[in-house]
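In order of appearance the chains are A, B and C, and numbering begins at 1 in each one.
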Amino acid sequence: MRKAARKWKGSSAYLYLLPCFCVFAVFLFYPFAKTIYLSLYKTNKLGQAKLFVGLENYKNLLTSEAFYNSMTVTLVFVAIVVLGSMLLGLIAAVLCSKAFPGIRVFSTSYALPMAIASSGAAMIFRIILNPTIGIVNKLTGLDINWISDPRYALVCVAVLTAWLNSGINFLYFSAGLGNIEESIYERASVDGANAVQQFFRLTLPGLSPILFYTLVVNIIQAFQSFGQVKILTQGGPGESTNLIVYSIYRDAFFNYRFGSAAAQSVVLFLIVMALTLVMFRIERKGVNY
Amino acid sequence: MSTQTNAMALRRGGYSEAELGRLHEEMNRCALRKKHVQTGLLVAANTLVALVILFPLLYSVSVALMPSNELFTMEMNLIPKHPTFENFIRAWTQVPLLRFIINSFLVAGSITLGQILTCSLAAFAFAFLEFRGKNVLFLLVMATMMVPGEATILSNYLTVSGMGILDTYSVLILPSLTSAMGIFLFRQFYLSFPMSLFESAKLDGCTNLRFIVTILIPLTKSAIGAMAVYTFINAWNMYMWPLLVTGSENMRTVQIGISMLNSVDAQSVTLMMAGVVTIILPSMVIFIAGQKSLIKGMFSGAVKG
Amino acid sequence: MSEIVLKNVCKQYEKGQQYAVQDVSLRIGEGEFVIFVGPSGCGKSTTLRMIAGLEEISRGELWMDGALCNYVEPKERGLAMVFQNYALYPHMNVYDNLAFSLQIRKMDKKEIDRRVHEAAGMLGIEHLLRQRPGSLSGGQKQRVAIGSALVRNVKVFLLDEPLSNLDAKLRAQMRVELAEIHRKLGATMIYVTHDQTEAMTLGTKIVVMDQGRIRQADRPAEIYNHPADRFVAGFIGSPSMNFFKGTIRVPGRAAFLELEDGTMLEVPENRAGLLEEKYAGQRVVLGIRPEDLHEAGWPGGSGKTGHADRSSWKLEGEIVAREMLGSECMLYLESDAGDFAARLPVAVRGAVGEKKQLYLDMTRAHYFDAQTEKNIFYREGRDLV
């Protein structure tokens, strides 16, 4: 009797896991396997695997200029986004690290972009960057067609994304700054360090654990950008903003090349996986002093 | 005045009480002024950065309030000269905005509730129960964090179209009903409670479910709050998935509905901005209202420096 | 020379709020080891932080070496400070923690190295130089914190409850070392603590503070033997002084103190004059330290005639607790006159629950005004400003 009860008690644990593992199974494990499976096949227009081609989809990908372009564009994009959003978040967090009148309003403003949808933000930027009625050209006196000029389009999408992502970075950095003990600044000021020395010798190193973490999270997030490209540039002009997720979307749902899209999905997964592993390693080892 | 600061280390002696008092007062004033200037500079710098960060939002509100002829000029038009709510009225009458908003609230609300439910149940098992394969299963959950949604989206699309549930609420809700991050967050919170909390409840004859409902959930209000705000906003802002799986106007969420207006002809720009402002508002309000609990839940213990 | 003078220094955090520090005036001479002591929130740390320049002085003057320093930046004041939580830079190793203040002054590398090793040697932490603070024990962190103050070679050290995070044994050990460092360097040390044992053992001058004001500032022995008021008397000394409420009675030639249970204690002749004159019939508080209670009575009529009747100096109470201290023993008693404690030889008889009569050494007792709580016989002997 007791043994049976115990066994029941033990297996009841799985009941608690059931709901979430059902969702994972249907919408994560299965499609994940299916994506890998599809990436090894030629498909028809309905996405059904028709012909096993082995690694040919990958081979085609790695020899196609479009893919390399997409990767290059994505890397440049990620670099600008990560740098921009982290810098913006850091500046805002440092500005809000000491109490002053109105700090609540400012810190809310700095975090606010994280509540904005990429699609909505993209539509706002579309008006702001419009060559004739856009406020940016009016304010700067420039006459640039920001979105239709391949030289600027990527930067515009990146700046928009950096803005969107800066909100959460502000929160990360604020938390990081809050974790630095106030007394080490007091000691430093008695020790003779001025504000600049304090920032570079205490604040930045004090932020370093969260800095690495935030960096990786930001890279992963930037890799997954989609809405802003879809609305602002549709990957163009030319292929200049054809980020990898947009390229997957286009290959699958416009060109019906599900096999190639699946192969790109696997590449995206590999990149994100590698980054996540790096992040876990950092977290576990703790860049914590 | 600034030379005064260096001369502040006054020699003692040679000063009468009155002189000393006067100097004292002057230095007090000087120090006070310096403090005011410092605070002023800080506020000024903050105002500048905040304006830059808020600019797109402020400007979108401004355009939403502009009659369209004011937008289409070559003149500087930061602020509407004749602000009007006409754009909002048109947006609400010409576009089924209410339907979009109801759809989004339904979808985001269900996802939020669902995630809190599934994640707290799973986290409870991982934190308090012993069972075979616990570590492997937990690792599996953590590993799902490595799979970006965009990488499985096309297979998911094929799955749901095979199931014949395209263009329904369930297709919008089902895939997001759980999240590894939520499980992780809740588990971290639960682990911070002593095991004896659970054990003493068991001794009192408390069932697992009752323990979760009457003890764990009240104790993890801040984590639940953080999770709710974060999940709701993300669900509200979902774009790629609804774009793929909804077709009819009746099923569109706000993000898809509004982006259908995306064009730059004169009549619809201001209308589109009014729509954008309208749909940003709910997520913004929820964010501002929940900001405190979001920060408290996400950063208490979760991020260590 | 390095003399620090505080003149009517006040600290008010918000206008209209209570003063955190009020009218603190004090002279700290070169080489002194001054201890600010008092209960938490008494303003001792705030005073120290004002000297350091970490808090603004709301009113009053701070003179250092004859210069008015109210508005001088902390780094220009030429002081070193040790913080309660050590305030070590977590991302730097011990060497860099020690060297930090010199590095930012762009000092010659060799000189830095020499000073770091000198300080590390003095504190016995040379083997830890390559480690990060996170891996150190509390005592080691404390040494590093002290070391990073030592390298500065300054004339004034400020220490804010430096030992409060250590366990009792380490605290005792560090106390000895701090005294040693003070002796070696001859620098001025200003030290804040809430622990009166630290104050008594380390200080050359003790400043007792309460509610933002200085209650008494004097040498340790003076503070112990001649407390200025009831607060100081109760705060300094462990276990603390016993207090009994009473009334002065002058029925005839001699003055008596009548306790609340009716016990009459004859006031010794050296105290009688003033009490008879000014306090006849008035309420006072008698203070007597636990070690001034004895088991044996006074030899009757000790020979010196005309003396007060010492046989009246006794009080009975019920033992409620007995504590063994090793060489001595504490008895805690309850009586109608009030609860009291006595420090007695280990051999003392009496178990919990028994009645016990003890004899009070009234010649060592203190008398406090019941209203003002001032020590009736305290005279401010020293000029402190």
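Just so we're on the same page, contacts are C-beta pairs under 8 Å (C-beta built on N, C-alpha and C of every residue); 3 or more make two chains touch, one makes a residue touch a chain.
Computed from a prediction, not measured in an experiment: that's the story for all the values here.
Using the average of C-alpha coordinates as each chain's centre, A ends up farthest from chain C.
Every chain gets a centre from its CA atoms, and the centre nearest the mean of all protein CA atoms is that of B.
A separation of 53 Å divides the Cα centre of chain B from that of chain C.
Remark: chain A and chain C have CA centroids separated by 59 Å (rounded to whole angstrom). Chain A and chain B have centres, each the mean of its CA atoms, that are 15 Å apart.
Counting partner chains per residue, chain A shows two or more touched chains at residues 206, 288. Multi-chain contact residues of chain C (touching two or more other chains): none found. The touching residues of chain A, when paired with chain B in their complex, are 10-14, 16-17, 19-21, 23-24, 26-28, 30-32, 34-35, 38, 47, 88, 91-92, 95-96, 98, 100-102, 105-106, 108-128, 130, 132-133, 135, 138-139, 163, 166, 171-172, 174-176, 179-180, 206-207, 209-210, 213, 220, 223-224, 226-227, 230-231, 245, 248-249, 252-253, 258, 261-262, 265-266, 268-269, 272-273, 276-277, 280, 288. Of all residues in chain C, only 56, 61, 63, 66-72, 76 touch chain B in the complex they form. Chain B contributes residues 39, 42-43, 45-47, 49-50, 53-54, 56-57, 59-60, 63, 71-74, 76-78, 117-119, 121-122, 124-125, 129-132, 134, 137, 140-142, 144-159, 174-175, 177-178, 183, 208, 233, 236-237, 239-240, 243-244, 255-256, 258-259, 262, 264, 269, 272-273, 276, 279-280, 283-284, 286-288, 291, 294-295, 298-299, 303-305 to its touches with chain A in the complex.
Against chain A, in their complex, chain C makes its touches with residues 52-54, 73-75, 77, 79-81, 83-85, 87-92, 100-101, 104-105, 132-134, 148, 152, 158. By the touch rule above, chain B contacts chain C in their complex via residues 5, 8-13, 24, 27, 30-31.
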